[in-house]
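Step one of this worksheet: look at the structure below.
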């Protein structure tokens, strides 16, 4: 048996722990393990495929990033090729990938990635390849699993940032606006906001009214709390309330870091007269050493991935359905959507403990 | 409506976040909130009962400990009274407690505590009091809930300790033995051991053979890994393998900190000839600031507790059944038992990635 | 004896530890202590002056921010007054301040602040007031002292950010540009860059050439290191090399957060063809819990400040001249300047271990 | 030019950063670099001598421990040899070491270690070898330098422990006794105690009276502070006050971890009637990732060590005399002694802010 590992999409804390545990668990069975560098680039002749040994994975369990490197640069089924005129043309290189995998004697692939990787895996399985997936998302927007590694670390980093801004905000009687990740789903903003006692949380799932945000800040002032913390998910730029601030809602540009954060801070300052500062947390959220929670979850996913290969769960994704790790057909995952439930207990608790969603 | 909060048993990181969110959620409904100091001592005239306001809970969400203080000193139904001869006599003071609660106009109690507190709550409900419970356990041994606040922090502290010991062990070619909490259940040892790549994990749920522990250490030496990390749950003193080291298994004395840890280190050094050092993590595991995970979970429990009061869930305990917070009858909790599953995915992953359980 | 404490300028981790220790040390002598809220605003009738007791300072030693609050809003000798037309007029309100201090029976003031506060103190002493100063600067640019509290915390936060960016940069083959504080002096950028193994460090003290920065990045690429970390002090916008990127050097606008960081990232991407991302660390650097180093140093300054009052060191600033805390005349401090020494051991070590300053 | 690096004595956070920077700085000059494994064992045929390249030191700057490994097992001038009867005989193997160094073409050695390593270096220099030293001590007891790497990390770990114990102590109305490192000098106990607001600090430099310790605890109780934190340096067992507790002062056995800590806790409980718990911080203090302060200092020492070789400072030790790194003759270091100054500003500040030294 020879398996290969691949990591695709943005990096997330815990990738190395998944790799380490999967490699050790496979070697434990007497299998061969290969590592495909940079997503699937290693199988397209654009990077390496390397043997994975005990030595390769020694001491990496607590390190951020991925020793296999990764890329956001597209699917083998729709691969960007730079043209002489500077534009890209997209071509299907899947035959080449499958051919190369066959030549390397790869029996099965463990693909660790987000929804892009899930779609690629689904297509590869349709072409007869044997693939199981480990979900990866900082934003917690992969359905069918309670969460995935990297999310807890991102939330912790956001909490740490709110704690830090809190002391400055309070000392200077300021409003601080913090933008965190979450293009489609506001989990990081919501969880960090509740855990760190933010005052306003703006997420893509709940349209906001800038005037209600300001009213919350003014109400705090009247109560002698002369500072406020506003946490905004980057994807909140795509919802209703953003229009009044940035002239339009930004579904197409929601990815633009800070697209909403700075205009929002200026508008709050204009309306409330309070000194307002903004900070974009950006890449700090996906880097660094994983939390203990993510180190454990990653190890569990790595071990379970090898067992899923053993059980021939091709086209399945691992999922945490606490306290169990289960497998779910990729197609079930891809036809669902995971978002913050505006009526769920976390949002209710947030509201009842004084957090405004600007609605 | 007037409710009262109580925290009982050993402290756990997150207690203050539960208190804060419960108080704010109750005030949000226009209720009165009281805080019973030191378990139920405040209702027995041995400590205070104080009003809980927004001011009382300001800025406490990230602090360890409990502003209500706590105690391990026994149940109102079986209360220790010091006799002139230095011994204790145990008496039932529940009438007094119920009377005092009535005089204070307390309509319902939110009791935050471990199995001791659950039993007290059950008895109080049988006497007609209105009580809902929030589970608290560092050891993760409360059934019916995926976990409770404090556990993630304890695991993180243990992981951090293993990381630190790792560098010294490796630099000095040593064996390091770390004792972590877990009298009945080995979750902390198991989770921290897997997350931090320990080499041997000894838990109450799996009998160990000291010779197999030593064989693992020798095998690592032969493979050029001249150091090893052994993580032992305090409750492992109660299982079979402990006899050969401490002369007997220690069910009755399992609570004695370090009862197994130091003899185990000596025995490993004697059998393997390798320099072996031990460390008892002790109270570091229950102190300090909660992790982000625990801050969120605590807030969710605090908010849900108030909703459970609203829904009159007397005699129920809140439980995390991810992604939901639900309520479970206390009697269901008390007749179950929660232990590490020796055939579960975490133990399997541990074994397959090279961790020995000494069996 | 009655003394008063004041904190002015931007907040810095450690302020509360200075306050706590100064208050306890003064109470220990049987003195009265007052706290002037928000810089000197409390003495101008625009905020409070409060009594400082053991209770007031309980448990604040490890908290960021300042319980006395602070402000950047100007000197009592040049106080901004909002005019009906929306502009500010500046007036001398020092008589009022001195009068109020006398009415409150204040014998001496401990002023904790940066160069602005030092200048105010010097003027107050010239007017006959009894003032000693505790230096405060995140940027480490106060002369005559090895460093001050808050700087170690800021450097640690910057190191932590570089560590986090490192894993993403390496996984994605990217260049990451991080802007840290340092308007006049590049200490944070230099120290964090050396400690966290950055590849390029740009500081106000060393003019840089953007092409040399890019050459360093290309040289790393050729050596198989496909990522690079660039750390830039905000004040680097004021030096030579910035002109080629932002069209001009920015002495007057050097304070503008991100004024250089984003254009620099774009220019690097344009010249090297490498994916380049930027991050402005901003307020994260001055918030949050102080490091152990800063907690100790703050306590030492707080205790020494009270002894300086006892020794009537009016017009002096406390200074760390390791291992001693000494007092230095404010005028000596104000006529010096503290900058990174381009020929000092830290820069030499940086260069010799492979860091480029773009020169 | 060919240099060799050695790390000896107990590990300390920062060793790898010294190694990394020294290697890079030497390679920068076109020199060869060797690494002697396990103290000087690599030069005695009992371990390896390895080439040090850029690859060897890649990514180690922030890691605890030492990639060269280390040992406490004695000097080449007095080397322990196990005899058939189980005892050790000590022989002089320096000729062999010098011969092996010559055969390997080693021109100079950078020895990183504590007082043991300094003595060995002095003897090697007397024998004609070219050695410069980098000081290493967790305890901060190497004279002539403000401090060395590892100490700040150890203090931070101790502060973190005190913070954690604080929440439990306060919640449970307990006394917590924490033993930290410091056999001859009480710097860790003192600095951590002041930074983290301990109530009692016991150090080898100040004799204590157990009754005065208890009186402090009782006084706090009377003031409504029902908990206390006692920090004790392991070396405090060697001073006067220990006799009344452990029957004798323990100069010869002061190294025994916990020799004083547990009896002290029991005695406090007996005398005050307060529940008292103890914790020995032990090896947690020397492991793990160095603080930012230590990462910078280590890098500075590594770079300066190579410059000292260039300047032929044989028989000298590097020293931090803030803000400079200087060189000091080893003999000056060895004839001095560095202890806490009982009349210094830190002890004075401690006393004035309410800390008792039990005297």
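Per-chain residue numbering starts at 1, and chain names A, B, C and D are given in the order in which the chains are listed.
Quick note on the criterion: a residue touches a chain if its C-beta (ideal position, glycine included) is under 8 Å from a C-beta of that chain, and two chains touch if they have at least 3 such contacts.
The shown structure was predicted, so the numbers you read here are calculated from the model rather than taken from an experiment.
Q: For chain B versus chain D, what separation do you get between their C-alpha means, in angstrom?
A: 34
Q: If you average the CA atoms of chain A and of chain D, how far apart do the two points sit, in angstrom?
A: 42
Q: Roughly how many whole angstrom separate the Cα centroids of chain C and chain D?
A: 31
Q: Note the residues in chain C that touch 2 or more other chains, in rising order.
A: 160, 163
Q: Does the chain-touch network form a line, ring, star, complete graph or other?
A: Shape of the chain contacts: a ring, since each chain touches exactly two and the loop closes.
Q: If you go through all the chains, which pairs of them touch?
A: A-B, A-C, B-D, C-D
Q: Provide the residue numbers of chain C that touch chain A in the complex, in ascending order.
A: Residue positions touching the partner: 10-11, 13, 15, 38, 63-66, 69-72, 157, 160-161, 163-168, 170-173, 176, 277, 279-280, 282-284, 286-289.
Q: Could you please specify the touching residues of chain D with respect to chain C in the complex?
A: Listed in rising order, the residues of chain D that touch chain C are 17, 20-21, 24-25, 28-29, 61-62, 146, 152, 155-156, 159-160, 163, 191-192, 194-197, 291-293, 295-296, 299-300, 302-304, 306-307, 320-325, 344-346, 348-349, 352-354.
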